[in-house]
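In the two complexes below, chain A is the common chain; its partner is chain B in one and chain C in the other.
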Partner chain A sequence: MSLLSTSHLSLSIGEHRILSDISFSVDSGEIIGLIGPNGSGKTTLFNVLSGFLKPSTGTIHLHGEDITTLSPAKRARFGIGRVFQNFGIFRDMTLFENVLVALEALSKEERALKGDLRKVSMETLEMVGLQSHAHTKAGSLSGGQMRLLEIARTLMSGKELFLLDEPTAGVSPKLTQQVADLILQLKKQGKTVLVVEHDLPFIGRICDRVIVMDVGKVVLTGKPNEVKQSKGLRELYFGADPTT
Partner chain B sequence: MAFVWHLVILIGTWLPGALTYTMIFGKGKILHFGPLGVSLMTSYATFLTLGATGSYPIAVLTGLGSAIAISAVFAWLSLRLEPDGFGIMSIAVHLSVLSVVLNWSSLTRGALGIPRLPRAPFPASQEGFALVMVVMCIVWVLGMWLLDRSSFGRKIAALAEHEWHSAALGVSRARVHFLAFMVGALGALFGTLPYHHYIGLLHPNDYQFPGLIFFVMLVVAGKPGSVFGVTISTILLVLLKELLRFVPLPPDILGPVRLILFGVILFAAVWYRRDTLFPKQRTV
Partner chain C sequence: MLSSTFALAALRWTSRRLHYSSHMQLFANALIAGSLAALIAGGLALVYGVLGVFNLALGQLALTGGYVTWWLHQVLDLPLFPSVIGGLITGALMTWLTFEVFVNPFYKHHRFLPLVTTIAWSMILDGLILLVFEERPRSILPGLKKTFEIFGAHISVEQCVLIALTLIALVVFAYVFHCTPFGRKLRAVVQHDTAALSLGINAPALHRFIFILSGIFAGAGGIFIGIDQNLSPTLAFSLTIKAYAAIIAGGKGNIWGAIICAYLIATLEQLLVGIHWFGVFYVPAGYQQTVALLFIIIFLLCRPSGIFAARARAA
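The block that comes next holds the complex of A and B.
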């Protein structure tokens, strides 16, 4: 049974059709890349999957359970972790508090499994080399450090499915590699990742499968190499070749 | 010395409400302008029950129940409305409760208020009562400080900074808002009961608009969300309010002058904290 499946998901706002008949499924342990031009509906799809937007039609199943009507907080407790396109950290809190608040939001059983949450928070910061900044305000970090903190915080929360929205945007090549390592580490732990990215080499390095979206529809799916070779993708990003 | 005890008691009656209000309005950045509406309902429910039954425990339980009921209404509205819409609605709820109190004269005596309230089981002497208030305030400040540093404090701060990011972590906005307003209900109860016990009178004038302005001023001047900042601002501003009584001006001039002065203080405090007072608008 697949971990996540969507069936005929559509979203309309007023007369505008934002998402159209999106159906796909994701197995446990897969890393799926979600690509497409700006405005193709990738972030909107993430907002629907994580519960911030209600689909006009269609259903979402996680672990076989229908989660279409659950609130974002309930979906998070059900196992969906999200990294946002902008920096989703709390700038007025310290780094330590940023991680701690995520752990404290887990269900009672998950918190019990984690043990000492303060210790886990510090270990999370150590994992990304930010332990020396533990008690400084997160707002004082660089963009790359904020991104690392956010990803590490989401990963340590023990979710099953991670929705990462442009995790390498505004990040140096060195940190991009660190982010790739963190995602591959998740795969080793059997976790599932959906990642929206514009960095196609990055997608090619880490993903098992790629879903290509355009104007709110899924237009192409396949292994990274197959998608990369496809004429459809080139046309989507660079337009039709006038010589052919 | 009696005046010093009087000041201590007054500070003690303002502090619980101010500290719970800073948790909601200051730390949680929930645009709630109805704390006096909660206090008004709590005090009338308590003292009307006391008048009818003569039993303090029953009266306090009724007051607590009504504080919880109206706070639950505020919490529910805060979840259903946009922040600015809730701000306006909270004023509307406060004014609605006030108009019921003013117009249901057969029950509340309307604008006459209720004099000669039965004495609560507090020490009879002013010094003894002041000491009870000091102990209560120390316990309250410590309790609020612990709450501020607890998981709840972090969750309400996270929601204030970014609702979507908090929800994506699993922070339940409904649960946090309800808890915050319930703490507010307790603050209303522990503030209003000793106050009316002390002055022996329950009067709707104590719950008019200037009272709300004073509440907001305590929080904004003391630094929204700061337990110790608001404690200090409450002490200083209550002292200022009481000491202004000694200014040699006729009462019909002194009242408006005091209002103007508080308006200027509030304006200055809002201006000084304009970057941190209200939630930042962020997109996803």
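The block that comes next holds the complex of A and C.
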């Protein structure tokens, strides 16, 4: 059974059709890249999957359970973690508090499994090399460090499915590699990742499968190499293929 | 350097115009007025930080808490403590009603819509307060208050208790807000409610809680007025304006900035009417209210982000 499946998802706002008939499934432990030009509906799809937008039609199943009508907070408790395009960190809280609050939001049973939450928070910061900044405010970090903090925080909060929205946007090449390592570490732990990204080489390095979207529809799916070679992708990003 | 020299000169100039005892009396008055304003502005800053909305019925909600306490204590003859609890509960219930009817259905469509709906609600409440409690001044503890002298300032026992209770309330709030898991969740919702939701924090429930908490703080402010002075239906607008001046000067949504600025505005109000200007005239007490309005205008012109606005990260 797949971890996540969507069936005929669509979203209309007023007369505008934002998402159209989106159906796909994701197995546990897979890393799926979601690519497509700006405005193709990638972030909107993430908003629908994480509960911030309600689909007009269609269903979403996680672990076989219908989660289509659940609130974002309930979906988070059900195992969906989200990393935002525009940094979902708490800037006036310290790095330590940023991780601690994520752990404190877990259910009582999950908190008991984690043990000493303060110790786990510090270990999380050590994992991404930010332990020396533990007690400084998160707003003073660079963009790349904020991204690392956000991914590490989501990772440690014990989610099953991670929705990462442009995790390398505004991140230096060195930190991009660190972000890639962190995502691959998630895969090793059996976690599932959906990643929206414009950096195609990055997608090629880490993803098992790629879904290409355009104007709110899935137009192509396949392995990274297959998608990279496809004429459809070149046309999508660069317009009509000059070789034809 | 220039600004600190100027500030020092201004302080010396002010000091020369005040005798020690009047100096202390002004300070005591500022502490009393500041404590009242801090209670209301602190709750309001929390609401603005979380929802980004203005609740212009706040002054009326504060008065409701005060009037209900007066009614329970003076009309029904209940002891003071249960009357105060009754006033606080009424303040909370009225604020909850305000949230459910005049804010919650509107703020998600546009954050300025509650500005209009709460103005309408404030007018309805003004009418109801006038109808039920009448225009004449009401005091929860009428009669002459026993005062004592401390460092040259005359202050009543009730005022001392009110200042102390406000400070205790702020310290307890600071502890819960900064040192407990519940407080961390509140701060997370204040700073990024979408991210907080995605971590599984029930942000809508906290929105409601914060709004009601602001009503309890406002109700406490109304009770403060009813004990220290007299309740009057015309006070509501100036309470709201002072609270907004404090949150604008403190950096919109910055709770501690708003509380500090509430004390600062109260001090400036006392100085305005307490100084013998140029050795020639005193400013009439009626002009005290203009300080809050001037504060709003000055800050919106010179530093719209407020005194304590977070600084952006240096490159």
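Just a few scattered comments:
We take it that the second predicted complex is superposed on the first by the 242 of 244 C-alpha atoms of A that agree within 3 Å, B and C clash if a C-alpha of one lies under 4 Å from a C-alpha of the other, contacts with A are read in each partner's own complex, and residues count from 1 in each chain.
Assume a contact is a pair of C-beta atoms (placed from the backbone, for glycine too) under 8 Å apart; a residue touches a chain by one contact, two chains touch by 3 or more.
Since we're looking at a predicted model, the values are computed, not measured.
Superimposing the complexes on chain A yields a three-chain arrangement in which chain B and chain C clash. When the two complexes are overlaid on their common chain A, residue A:T43 makes contact with chain B while staying clear of chain C.
Judged by the touch definition given at the top, the superposed model places A:I13 against neither chain B nor chain C. In the overlay built on the shared chain, the residue A:E104 is in contact with chain B and with chain C.
In the overlay built on the shared chain, the residue A:L184 is in contact with neither chain B nor chain C.
Looking at the shared chain after the overlay, A:S140 reaches chain C, while chain B stays out of its contact range. Of the two partner chains placed by superposition, A:L113 touches none, neither chain B nor chain C. When both complexes are overlaid on chain A, the residue A:F90 reaches chain B and chain C alike.
Counting contacts by the rule stated earlier, residues 50, 52, 71-73, 76-77, 81-82, 84, 88-93, 97, 100-102, 104-106, 153, 157 of chain A appear in both its interface with chain B and its interface with chain C. Interface residues of chain A facing chain B in the complex, by the touch rule stated above, are 43, 47, 50-52, 71-73, 76-77, 81-82, 84-86, 88-93, 97, 100-102, 104-107, 153-154, 157. Taken in their complex, chain A has these residues touching chain C: 50, 52, 71-74, 76-77, 80-82, 84, 88-93, 97, 100-102, 104-106, 139-142, 153, 157.
Against chain A, the residues of chain C that register as touching in their complex are 181, 184-185, 187-188, 191-192, 194-204, 310, 313.
The part of chain B that touches chain A in the complex is made up of residues 151, 154-155, 157-158, 161-162, 164-173, 282-284.
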